[in-house]
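The structure appears below as structure tokens.
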Amino acid sequence: MPLARISVPSCLPQSKISALAAAVHTALVATCNVPEKDRFQLISVFPPGMMIIDPTFPDVRRTAEASIVEILFLEGRSVEQRRRLFAMIAGIAVDAGFRGDDITIVLTENSIPDWSLGHGFMFEKHHAPA
Amino acid sequence: MPLARISVPSCLPQSKISALAAAVHTALVATCNVPEKDRFQLISVFPPGMMIIDPTFPDVRRTAEASIVEILFLEGRSVEQRRRLFAMIAGIAVDAGFRGDDITIVLTENSIPDWSLGHGFMFEKHHAPA
Amino acid sequence: MPLARISVPSCLPQSKISALAAAVHTALVATCNVPEKDRFQLISVFPPGMMIIDPTFPDVRRTAEASIVEILFLEGRSVEQRRRLFAMIAGIAVDAGFRGDDITIVLTENSIPDWSLGHGFMFEKHHAPA
């Protein structure tokens, strides 16, 4: 029950788009107890000028491949889990050819009664990640 | 003052897109005291490969028509209201030809001072849903 | 560390899109202590029928140029800051040729440990806006 929105520039090759999406999911599974099959991702490609991202704030050097990952997930992940999540997403992305500078990640939270994964049923607690 | 983001695959016919959008609004009005005219919806169509949704998590069988409805609305709706909202959105969607498996719904909340509906004025409490 | 999503109709000329994006950032800097270089904006253009926005709710008269600005930023901004933020975004937009009726703004919040602005590092408090 994370929902990830991945926003990438149109210059990014499909192979890197796929690698970033995979990085996000792999890291959620490894650091945040997200089930392997619990993958919900929306990828949007932005033409030039439609992603306005400062090239250096706060202390990085972004390129034209700068991408933004937004993750909405259940409340309760610790600061340490977030820290490891960020590091792992960026680490895998770098292994796939990204610059670490180009990976911006933003988290938001909601609660179990905020999710319906089909048939109009509210997601029940016993399905939730440990 | 709900804002709904409806994400659909490009294979979905326009008639079903419209039906899903209508289902979301009808259900918000019926279950969450949203005024009939208080409709704000953004619909995004995703090409193949840009919606990565597990086909079966947690216990459903999704098709190529799997769609995601995100609703941002005012805090305060009860679990029971959410439960009825989910059921009604999916129910109307099924009546319009969707499989119930294909309707994923995600809620997030904010507060009255988070909304400006025009002219740069903060939305005032006396306008809020009962 | 605000992330702004700006949703505009396809009839909106590029000059107005740019003006609205600039208005959002200028107002965040002026009213919410956002650093000048802390600009992260995603602009999406919606074809006809894909933005479904009531033309008059609650008491405005929207045109085909009605646009929606969503801002995700750090918790802690006061009601008064929000009020000034709304007023300034709309004010600058009106100066750029928008009708005030056409500017809808929605805020959501998160926390410092929810942000990574590069290299997989968690954003640290000492970087936060005063």
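A, B and C are the chain letters, set down in written order, and residue numbers restart from 1 in every chain.
Operating definition for what follows: contacts are C-beta pairs under 8 Å (C-beta built on N, C-alpha and C of every residue); 3 or more make two chains touch, one makes a residue touch a chain.
Computed from a predicted structure; not experimentally measured.
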Query = What's the call on chain B versus chain C, same or different interface residues, using the half cut on shared numbers?
reply = different
Ask   = What rotation angle superposes the Cα atoms of chain A onto chain B, in degrees to the nearest 5?
value = 120
Ask   = Between chain B and chain C, what is the gap in Å from one C-alpha centre to the other?
value = 21
Request  = Any chance you could list the residues of chain A touching two or more other chains?
outcome  = 44, 108
Of chain A, residues touching chain B in the complex = 3, 14, 18, 21, 25, 35, 37-45, 72, 108, 110, 113-123, 127
Query = In their complex, what parts of chain C are in touch with chain B?
reply = 7, 44, 46, 49-54, 56-60, 62, 68, 70, 79, 82-83, 86-91, 100-109
